[in-house]
Amino acid sequence: MNENYTNEMVQFRRQIHKRPEEGWTEFETMNIVVKRLRELGFKVEMGTKAINPKFVMGRDPELVAKAMQRAKEHGVSQEFLDETEGYTGCVGIWETGRPGPVTMFRHDMDCVIVQETDDPKHESNVGHYCSERDGLMHACGHDAHTSVGLGVAHWIVDHKDELCGTIKLLFQPAEEGTRGGLPMSESGLLDDVNYIVCCHIGTNCQLGEIGICRKGFLATAKIDLSFTGKPAHAGSDPEKGRSALLAACNVATTLAGIPRNGQGDTRISIGKLNAGEGRNVVPVHAKMQVEVRGQTEPVNQYMVDYVERITKGIAEAYDVQYTFEKVGAATTLETSDEVSDTLEAIAKDIPFIKRIVPSDGISGSEDCTWLIRKVLSHGGKGGFFIFGCNQHGHHKGDFEIQDEQSLPEAFEMLTRFLQAKNHA
Amino acid sequence: MNENYTNEMVQFRRQIHKRPEEGWTEFETMNIVVKRLRELGFKVEMGTKAINPKFVMGRDPELVAKAMQRAKEHGVSQEFLDETEGYTGCVGIWETGRPGPVTMFRHDMDCVIVQETDDPKHESNVGHYCSERDGLMHACGHDAHTSVGLGVAHWIVDHKDELCGTIKLLFQPAEEGTRGGLPMSESGLLDDVNYIVCCHIGTNCQLGEIGICRKGFLATAKIDLSFTGKPAHAGSDPEKGRSALLAACNVATTLAGIPRNGQGDTRISIGKLNAGEGRNVVPVHAKMQVEVRGQTEPVNQYMVDYVERITKGIAEAYDVQYTFEKVGAATTLETSDEVSDTLEAIAKDIPFIKRIVPSDGISGSEDCTWLIRKVLSHGGKGGFFIFGCNQHGHHKGDFEIQDEQSLPEAFEMLTRFLQAKNHA
Amino acid sequence: MNENYTNEMVQFRRQIHKRPEEGWTEFETMNIVVKRLRELGFKVEMGTKAINPKFVMGRDPELVAKAMQRAKEHGVSQEFLDETEGYTGCVGIWETGRPGPVTMFRHDMDCVIVQETDDPKHESNVGHYCSERDGLMHACGHDAHTSVGLGVAHWIVDHKDELCGTIKLLFQPAEEGTRGGLPMSESGLLDDVNYIVCCHIGTNCQLGEIGICRKGFLATAKIDLSFTGKPAHAGSDPEKGRSALLAACNVATTLAGIPRNGQGDTRISIGKLNAGEGRNVVPVHAKMQVEVRGQTEPVNQYMVDYVERITKGIAEAYDVQYTFEKVGAATTLETSDEVSDTLEAIAKDIPFIKRIVPSDGISGSEDCTWLIRKVLSHGGKGGFFIFGCNQHGHHKGDFEIQDEQSLPEAFEMLTRFLQAKNHA
Amino acid sequence: MNENYTNEMVQFRRQIHKRPEEGWTEFETMNIVVKRLRELGFKVEMGTKAINPKFVMGRDPELVAKAMQRAKEHGVSQEFLDETEGYTGCVGIWETGRPGPVTMFRHDMDCVIVQETDDPKHESNVGHYCSERDGLMHACGHDAHTSVGLGVAHWIVDHKDELCGTIKLLFQPAEEGTRGGLPMSESGLLDDVNYIVCCHIGTNCQLGEIGICRKGFLATAKIDLSFTGKPAHAGSDPEKGRSALLAACNVATTLAGIPRNGQGDTRISIGKLNAGEGRNVVPVHAKMQVEVRGQTEPVNQYMVDYVERITKGIAEAYDVQYTFEKVGAATTLETSDEVSDTLEAIAKDIPFIKRIVPSDGISGSEDCTWLIRKVLSHGGKGGFFIFGCNQHGHHKGDFEIQDEQSLPEAFEMLTRFLQAKNHA
C-alpha cells in the first residue's frame, strides 16, 4: 500500500495519543476529525444529529463543561464547540453521486483512565508522543481506530471516481463503559445503511493476524446506585438514623445472589462501594457501581430487572431513598455471513496478513453491537473484525500498538471492503 | 382463714390441672368456672360480650373447633358451647345493691405446651391429679389463678352483706402468647371499673412471700411472618423460581440488625423458621415466628414498625408474597400508688406472709397490662402482686405450687382488698 | 422377541412396584433379585464386596435398621439380611468359561418419596399392583430397570452356549440423591470390566424411541448442613444465646452469592431450612439441605469447596457448631464412541424402535456416571441410552410406563449388545 | 479572681486556637505547654515517660512525621521534637517539698476535623484568632482545657508557699477518638496519685453553670477493619476473584445484628465503608470504620469480641484477608464521693457560679475515664466536672466558648480544689 497513507495515519494517531480524552469529553479529538473530514470534502453530521440525547448514558454534564473549557484553552474554537451542542461523536458522509449501497465504518475515539508508563523503552516515550494528560491514556487503541478512519477518508477522496453509493464514517464517543454506541445507533444516520463494518485492534490477535467475529460478546449494563439515609448520632440516637451504608451492603450481598439463569450465562459485579461520613454518625450517603452481563439480551435484561427490584425493595426495607441509573449498555454481537465471508476473503488476500484467527465468542462487551443491530434491523448487513498488534494487555500503562505496522492492517481491510461493495 | 375455702380451691385447682387447655380452647375450664359462678348467684357475661372479636389475636379457628368437639366429648353441653360463641373468657359480676366502687380481679385460665414429668415424687403424681393430656400442662400456675377466683367468689357470697359496690371476676383466656388480655380490655366490661387487681403465682417469690410490682414488664408483640415464592427446578430453571427461603433468611438477618433505640431497651427474637419443600426445588413456602419487646410502648411500636417495613421491602426485593400477622401483644405495667400501697399494707398484715419482695422491673411480659391500662385510662386505679410458691422454674414439666399453702396467699390478698375497698 | 421374557419382566416389575423402597433400604427388592439370580445359577456378590463403605453417602443407619425389620416381617430371611451386612446393592456374575470381554449392565432399584395417585385410570390401579406403601412410589421407573436386569439374566442362561467372556449385572441402591453409584464403583467389581452399559427409562423419549447420550449431565453434590447454637431467653438474656437460625440464614444468603464461574455453568440450591424451637428462645438447632451442580467436575468441586468454606467461616462468626455432610454426588457423563456407535446401530435394527432421539446434554444428574468413569479409567469402554415410555412426568404420582411395551425396548438393546460383544 | 490569670489564659487559648492540631500531632501546642511549664519551674515528663507505647492506639506514623516537619517549619526546635520521641503528651510536676497528697489535673490538647466558620460574627473572627489550618478547628474546647492548665500552673507557682504535697498537670493528646488516655494512664506517672480531677467545657452546662458527674459515659471502642481479596475480571473470570467488598458488606450487616445484651445497653455503628477499584474488577480492598459502646466495661468488651469474631469468621467465609485494629477506647466513668462532694461544695461557693447541674449519665464517651480508673485502682480518688459556656453545638464550625468568662470557671474549681486538698 501507499506509504503516504501510513505516514498520515501514524501522524494523526500520535497527535491524538498525546491528548487522550475520556468518554463524552473527546472535543480535541473530534476537532481534529471534523476539521480533516471537512478539508477532504466530507459532509459532517454532529451534535444532536449524530447523538440522540434520549439514549445518552453515563455523561456527566459537569465533566463535559470542564472538558469544553479545556479544549478551548487548547485551541478548539468556540464556534466548533457550539456546533457540538456539547455532544462528542460525528459522522462524515461521502456521496459518490452514483447509485450503490450505503456503507458505514465505525471508529471510537475515547481513552481509558490509566497512567501511561514512564518506561523509556515504551514506544510512545521512544517516539516522544506519550500522553500529556496525567492518569489518562489511549491504552485501548481507540487512537488507532480514529486515525484509521481518517486514513480511509483520505483514500476515499483519492479514489472517488472508482466508488459508487454512499460511505459513512462514524466516529463514536464513550465506548469505554459502553455508553456512546446506543445514542448514535438511534440518531437516524444508520437508517439507510446497507453495510456496516466495525473493528478493534489487539485482543486475541498478534501483528499480522486478522480475527473474524461472527458472534459473541456478552450483553451488559452498567448501573450506578445511590442511597440516601438520615444522619443521627450513633451513640445517643441510633433509632433516628437510617443507614444508607447498611442498605447498600444488603443490596450488594443480595445482588450477588441473583439466581443463575438456565437460559444463558450471567454475570454480576459489585465493583465499588463508598458509604458514610464518620465513625459515629449513621451514614447518610452510599454510592455503588454495578455491572451485569448476560449471554443473551433477555438474560441480561433479567439481571437488570433483578438489580432494580432488589435495590427498590431493600431501600424500602431500610427506609432510605435510592436512585438507579443505567450508565452504559451493550448487546450481544450479531453479524451477517455475507459481510463476514467478504472480510475473511479480503484478509486472506492481504500479503502481510499471515493468519486468520477464529474469534467467535470473544469475552467482554462492545457497544458497536448496537450499531450493527440497528443496521440488521432494517435488512442491512454487518460484520466485525480484529486487527492484531503485539501488546502487553489492554487497559495497562504499557499498552503498545506498533502503529506503522498495525494501522495498515485495518486500512487495507476497510478500503478493500469498499472496493468489494462500493466499486463503481 | 377458713380451711373450707382452701379445700375447695385445692379441689378446683386439681380438677383443672388434670384437663389443661391451650389459649383460646379453655372450654372445659370455662365450663367449670361458669357453672360454679352461676351456682353461687353471679351474673356471667361471656362470648362476644366478654371478648371483643376485633382485638382477638393468635386464635386458630380450626384448633377452636376441635377443642369444642373435645369439650363436648368430655361432657360440656352444646348449649354452653353455643353460649360461648366460640370464644373462651368470661366475667362474673356481683352487684351488692349498695353504692360503692366497682372492683375487678383477673384470673387467667390457659395452660402451656409442656409435657408433665412422670417423676413419681412430682406433686401431681403423688396426689394423682397430673395432666391427662399429652404435651399440655398447667406449668405456669394459671390453674391456681382460676381456682383462687372461684374461692374468692364463694367468699363474696358468704360475705355479701358486708360488701358494697360491684365486684367483677374476670377469667381470661390465652395469656400465654399475650393474646387474650387486649380483646377483654376492649369488651366494655372494664369501662366502669374503679379498682383492678391482677396477680401471678411464683416468679421471684417463694412460699410465704408477696411481691408488689409498681412498674415493669417489657411491652411486646408476637408476630408470625409467612412468605410465598414460586417453585422451579433448581438445576434446569433456577431463574423461574422465587425463593421464599432466601427472602425469609434475609428478613431474619436484617431484623436482627434493627437499630438499637436511645429511648429504651429493645429486644428482637427470630425464634423459628421453616422453609422449603425439597433439596432441588426453589422453595415456595417459609414461615417465621418473631417476637419484639420494648422498654416503653413507643419503643415496642418502633420495633413492630421496623419488622413490618423490613418484611415488606425484602419480600419485594425477592419478588415473593408475604403475610404479617400480629398474634400477641402486651404493654408495660402501669399501676396506681393507692392500690399498690393498699396491697403492701395488706400483705404486711397477713400472718403467714413472712416477707414483701421488691418486684419492680420484673422481666418478661404480661397482658393483664392492657386490662390495668384500660382501667387507668378512665381514671380508675390498678395494681399487681405476686404470691409465692417453691418451684423449679415456670414452663417446665416439674413445676409445682404446693396448692394448700400458696392458694391461701392470693385468697387472703384479694378478699382483704375487698374488705378494704368494698366494705359496706 | 420371545413373549415369555416380557411376561416374566412384567411380573417382576409389578411385584416390585407394589413394594417400593427408598435408597439404602431396598431389602425386599434385593431379596427378589438375589433369589432369582441364584436360581438361574449366577454367582452373586453383595454386602461390603459390592458396596465400599468408605464411599457410602446419605445412608441413615436408623432408617436401615427399620427397613431390615420391615423386610423380615414381609418374609425376607434373617440369613439373607445378615448376608447384606446392612448394605443393599449386589452384582450377579456369569462366567461363560470362554475367553471374551467382561461386560456389565447397571440396574438401579430404589423408589422416590411420592404418593401414588388413586386415580382409577392410572395403570397400576387398573392392573391392581399400585404401591402398598404410603408416600413411596416407583415414580422414576427403577422397578422397570431392575426387572429388565432379571429378564436379561434369564436370557443369558438360555443363551449361555452362544456367549463368551463374563457378564456382570449390577443392581444399584440409592440412585435418588445420587448416593449408591460411587460406593459400587469403588467395590473392585468394576476393575476388570471392558464394557459397561447403563440406561434409563423415559425422560425425553416416547414409546418406540431410543436416545443415545454421549455426554451430558451436570456434576452434582448433595450436602446436608447442620448448626448447633446455645439457647437463652430472648427477652432477658439474649447475649447468652448463639442463634443457629441466624447463622444458617446468613449461610443461605451467602451461598446464593457464590461467584459465577467462567469455566462452566454452576448451580446452587438451598432447598430446605428448619430452625428453632420456640418464639422466645434463641434457636439452638438448624438443618439445611443444599445442592450444587457444575458443568464439569472441577467446577462442581469449586462449588462444594465454597459451600464448606462459607459454612465454616460463618458458623465461626456466629459462634455456633456446624456439620457438613456430603450425602450424594454424581459426576458428568463420559462415554466411548465404540459403545455409543454399537448402541445406535442396534437401536436402528430393532423393528419396534421408530426413532433415535439425539440426547446429548440431558439436564439433571445421574450417578451411573461414576460407574462408567471407573470403567473408562482403566481403559474399558462405556455408554448410556434411554428407552422411551409415554409418561406424565417423572417423580409424580401419575407416572406410568406401559411395561409390556417399554421393558422389551431395553431388553432388546442389552441382549443384542451381548450378541455384539460377547458372542462366542 | 485575679484578672491577670484570666488574661494570660485567654492569650494562651487564642494562640492555641489559631494552630489546631489533630490527635497525636500536637507538637506546636505541646511546645507552648512545655516551654511555659519549664519557665515556671515545673519538672516535665514527656516522650515514652509520659506515654506508654504499648497502649498507643490510632496513631498514624506518617501523619506524625508530617506534623513534626510542620511544627519545625513553625519554629519548634529539633531538640524539643527529639525529646518527644514522636509522642505528644506530657506531665508537669510541682513538688512542694512538704508532705501531702499527690493531686493531678488533666487537660487534653487535640482539635477536631471541622472547618471553622467564616461568619464575621463568630467570636474567633471578631477577635482575629480563628484557625489558620484548613479543615481543623478547636471545636470541642480542648484549647480552653490546655490554657486552664497553664493558668493553674502559674497560680501554683504564685502560691507555692501555701501548698503541700505534689501537683501534677497532665496534658493529654488524642482525646478525640479516645486514643491518648489509656497510654498515659499506663505511663507510671499516675501510680502515686491520690486525687485526680478531670473536667470538660460545655456539653449540658451554660455559662455560670457547673455540672458534677458521678457516673456515666458509655464504654467504647473504635475499631478499624480492612479486608484484602483477590482481583479478577468480573466478566471473564469471576471465580478467580475474592471480593473484599462483599466480605465487608456481610460483616457490616452481621455486626448490626450482634445480639442485644441483657446486662446493659449496647451500641454498634458502622460509620464508613470504602471498597473496590473499578466497576468490572472483583474488589481487592475494603476499609471500614466501626464503633461499639457498652453501658459497662464487660458489655463493651462483649461487643468488641463479637466484632472480632464476626470479622474473622466472615473473612474466612469469603476467603479474604482481614485486619482488626482497635484505634480508640474509653471506659465508663467511676468517681469517688469525696472528690465529687468537694467539687460540689466548691462550686456552690464560687460567686459567679449560679447553678449546679445534675450531670450523671451524660451520653458519649471520654477517655479520662482510664486515668480516673487507674487512680482508683490503687486506692486514690477522682472526680469529673463540667464548666459551662454558651455554644451552638460541639464539633461544629461555629462552636464558641466566651473564653474570658468560661476559663475562670474551671480555673476557680481547680485552684480551690488545691486549696482544699493541698493546703500547707
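The first chain written gets the first letter, and so on, giving A, B, C and D; residue counts start at 1 in each chain.
One rule holds for everything that comes next: contacts are C-beta pairs under 8 Å (C-beta built on N, C-alpha and C of every residue); 3 or more make two chains touch, one makes a residue touch a chain.
By chain, with names taken from UniProt: A, B, C, D = Amidohydrolase.
Only a predicted model underlies this, so the values are computations on that prediction, with no experimental measurement involved.
The chain pair with more C-beta contacts between its two chains, of B-D and B-C, is B-C. When you average the Cα atoms of each chain and compare centres, the chain farthest from subunit C (Amidohydrolase) turns out to be D.
Taking each chain's centre as the mean of its C-alpha atoms, subunit B (Amidohydrolase) lies 53 Å from subunit C (Amidohydrolase). Looking at subunit D (Amidohydrolase), residues 236, 238, 243, 246, 250, 253-254, 256-257, 259-260, 262, 267-268, 282, 363 sit in touch with two or more other chains.
The touch graph of these protein chains is complete, with an edge between every pair of chains. By the touch rule above, subunit D (Amidohydrolase) contacts subunit C (Amidohydrolase) in their complex via residues 236-241, 243, 246, 250, 254, 257, 259-263, 282, 302, 309-319.
If you check the complex, the residues on subunit B (Amidohydrolase) that touch subunit D (Amidohydrolase) are 253-254, 256-257, 259-260, 262, 265-268, 363. Taken in their complex, subunit A (Amidohydrolase) has these residues touching subunit D (Amidohydrolase): 177, 218, 220, 222, 234-236, 238, 243, 245-246, 248-250, 252-253, 256, 267-283, 289-291, 293, 363-365.
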